[in-house]
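Next, two complexes with subunit A in common: one pairs it with subunit B, the other with subunit C.
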Partner chain A sequence: MSSELQTLLGILLSALLTENFILVKFYGICPFMGVSKKIGTAIGMGAAVTFVMGVACAATWAVDNFLLIPLDLQYMQTLAFILVIASIVQVVEMFLKKSVPSLYQALGIYLPLITTNCAVLGAALVNAQAGEGFRAGFLPSVLFGVAGGLGFTLAIVLFASVRIKVDKSNCPECFKGFPIALIAAGLIALAFMGFSGLKVF
Partner chain B sequence: MKKQFMEGLLTKNPVLVQLLGLCSTMAISTSLFNGIGMGVSVTIILICSNVLISALRKVIPSNIRIAAYIVIIAGFVTMVDLLIQAFLPDLAESLGVFIPLIVVNCIVLGRAEAFASKNGVGASALDGLFQGIGYTVALVIICIVRELLGNGTFGGGLLNGGEGIQIIPADFGAKILTMPFGGFLVLGLLIAASQWLVKRMEKKEKEGNK
Partner chain C sequence: MTEILIAVGVLGALGLVFGLVLAIASKVFYVETDPRLDQLNECLPGANCGGCGYPGCGGYADAVLKGEAAIGLCASGGDECAQRMAQIMGVKAEKVARKVALVRCSGYKGVDENGKATGAKQKGEYEGIKDCLAATKVAGRGPLICKFGCLGFGNCVAQCKYDALSIVDGIAKVDQEKCVGCMSCAAACPRNLIVPVEYGKHVVIACASTAKGSVTIRGCSAGCIGCGLCKKICPNGAITIDQNLATIDYSKCSGCGLCANVCPKHLITVNKAYSPEA
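Up next, the complex of A and B:
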């Protein structure tokens, strides 16, 4: 296997399992806790986030490489990236409203909130810090975003299925709702630690 | 003012009650140094952005306000990020990407939308300060618990030349608490404890009124 393909496979597997965005890296906990009450909305949210992350990683890569680096303005990365992400989310929102109104209705308030999802900005910033070489190229950067989004989807769908049971469980009054859900999420994170022995590159 | 302080610290604590800004809370709470560094950075950014947004609240058109807030916040975050990189490189390294990620920390945007856009400059500055203190206190408690039970040390990165003071022998530390699982567990327990405390206070107040 060529080393480039190996790197791509490594990015995919690590973003999905060993370095899962939510359960290991703690990017995007807010929507993870907020939209995980039903499996259906969890899948919709995961798909929307995956799409936005893919597009955002492509766009921020272009902004970084064609605008910020040539002009020596890397310290503006955070500001430039968040603006790019906010406008992509706005476009996605308008597109969904016109063409897929049912999904638009289902996602509701969480659609504009993708802007403030740490996972999107986090992926863009990690890409920007990759430095030189093949990893900093266009394809690995976009793949990292998409794979991170898939990892997000995997975690949120798994968690939504656990949470349905947890919410009906009988636990001490002060643990009801959020605390017990966090502990359940912790147990899923514990299970994901089992993947940490899996090193591809 | 005392009421505002108690709200920030306990009854409306951004982390424990409003459940905002959880990503950074869990991700970096592994040593006291991280906790204080992150807490102070967020507090400074909260005060600055609250003051500026409050001062500009009559100028910013309401339908693009969120975008305007994000640009203001991102500006302050970039400043703090550059300052930390220049003067505290150790902190910059251990917090990593979570300093720029303060931009998308819901606490800052949440306070801008819920408080600074409706109130005067002075009140907004105080609100930023108290909410920041509430965040820092919650973060520091989680840090102390995870560090002490995980590594057996106290004040890692700060005291004793960065090693921290060894209180429990390192071999007895529950290493699992320094891993992601520990973040979820300790935060879950702390929120449960704060809910218990708030309920108890409400009960006492009711009894006092009777």
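Up next, the complex of A and C:
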């Protein structure tokens, strides 16, 4: 297998499992806790995050490589990326509303929620700090964003199904609601730590 | 100094470019919507209860605008909402009677003056998942002897967006003042105990047991045994006994309350303090 394909596969697996945005890196915890009461909404949120992360990684890669790095302004990455992501999400929302109303109906309510999601910014910043070489290229950057979004979807759907069960079971009064949900999240995160030993290549 | 200026300039330029892009995009991707849609949405309560049968208030407003849905399906908004929607659409609306939910069970667990337990009787202790649907799935159909009794785990309470339902002495009870009649609770009840009744009607049959009288008596001290006393006393012939259960035909009922007084099980009322004169 060519080394480039190996790297791509490695990026996919690490973003999905070993470096899962939510359960290992603990980015984007607010939607993880907030939108995980039903599996349907969790899937919707996951799809929206995956979509936005892919687009945002592509856009921030361009801004970073054609504007910030040539001008030696890497220290402004965080600020510039927030600006880029927020505008991109707005434009995408308008575009979807006009061109793909069905997709807008499905993602519509989640898109504005993601504008300032730290997982999206996190993906862009991790990309920007990946350093020189193929890892920092355009394709790997976008793949990292999409795979990170898929990892987010995996985590939030898993958590939503756990929460539905937890809500229906007997638990001490003081743990009801968010406390037990946080404990459940911690246990799932602990389980995901098991993937950190995973070395494919 | 120049470094700062470059940074400021780049970020400012970036902001300006994106601002322009957004401004252009909002023109290019402008979607024309019927101004009536916003007006209709404003009339609706915005609770997205789903009582109209459409996915949320927006869905219903859309359907009304397209002429697919009738005006006045919104139970939460009531008559006022229907009239305003009719005005926007330029048609006349019929008067919408306010409906509220009724839990057809009176088996409130308590103790009578002799120290004897009243209400729905337990078959045994249920230690499973605290969920009505789950309780009906276990062998023996849950903890109650009565197959029509409210299980009291509050699936309906969890559904209610208006805080109108509560569990009182083990039975779900509707607060008629808070209830808007969206009936989302009815779908959550695995025993189909919740039905709509007209608001303000105090004469209701709060029991759903179609079992034989002797069977009903074994499970509950407040179950309809189909004795027919209410049917006999009703001056308007509004009450019929069908499958051991009394039913009221509201087109004939005058609300005199005689049936409520004569019922030996005291289940023909949701308001114990009701008097026909008031």
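The working rule: the second predicted complex is superposed on the first by the 184 of 201 C-alpha atoms of A that agree within 3 Å, B and C clash if a C-alpha of one lies under 4 Å from a C-alpha of the other, contacts with A are read in each partner's own complex, and residues count from 1 in each chain.
We take it that a contact is a pair of C-beta atoms (placed from the backbone, for glycine too) under 8 Å apart; a residue touches a chain by one contact, two chains touch by 3 or more.
Just so it is clear, the model here is predicted, and its values are computed rather than measured.
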- Query: Is the arrangement of subunit B and subunit C around the shared subunit A a clash or a fit after superposition?
  - Reply: fit
- Message: By the touch definition at the top of the document, which applies to A:21: first (subunit B), second (subunit C), both, or neither?
- Response: neither
- Query: Taking the superposition as given, does A:29 touch the first partner, subunit B, the second, subunit C, both, or neither?
  - Reply: first
- When the two structures are laid over each other on chain A, which of subunit B and subunit C touches more residues of subunit A? B
- Message: Let me test your reading of the model: by the given contact rule, A:185 touches which partner, first (subunit B), second (subunit C), both or neither?
- Response: first
- Task: With the two complexes superposed on chain A, say which partner A:63 touches: subunit B (first), subunit C (second), both, or neither.
- Result: second
- Of the two partner chains, subunit B (first) and subunit C (second), which one does A:76 touch, if any: first, second, both, or neither? both
- Message: One more residue to check, A:152. First (subunit B), second (subunit C), both or neither?
- Response: neither
- Message: Between subunit B and subunit C, whom does A:98 touch in the aligned arrangement: first, second, both, or neither?
- Response: second
- Task: Tell me which partner A:144 touches in the superposition: subunit B (first), subunit C (second), both or neither.
- Result: neither
- Three-chain overlay, closest Cα atoms of subunit B and subunit C, distance in Å: 10
- Both subunit B and subunit C touch subunit A; at which residues? 76, 79, 83
- Task: Would you tell me which residues of subunit B are touching subunit A in their complex?
- Result: 19-20, 22-24, 26-27, 66-67, 70-71, 74-75, 77-78, 81-82, 97, 100-101, 103-106, 109, 176, 179-185, 187-189, 191-193, 195-196, 199
- Within their complex, state which residues of subunit A touch subunit C. 63, 67-68, 71, 73, 76, 79-80, 83-84, 87, 90-91, 94-95, 97-99, 168-170
- For subunit A, which residues are in contact with subunit B within the complex? 23-30, 33, 75-79, 82-83, 86, 112, 115-118, 121-122, 125-126, 129, 172-175, 178-183, 185-187, 189-190, 192-193
- Message: Can you tell me which positions in subunit C touch subunit A when the two form their complex?
- Response: 6-7, 10-11, 14-15, 18-19, 21-22, 25-26, 28-31, 129-131, 134
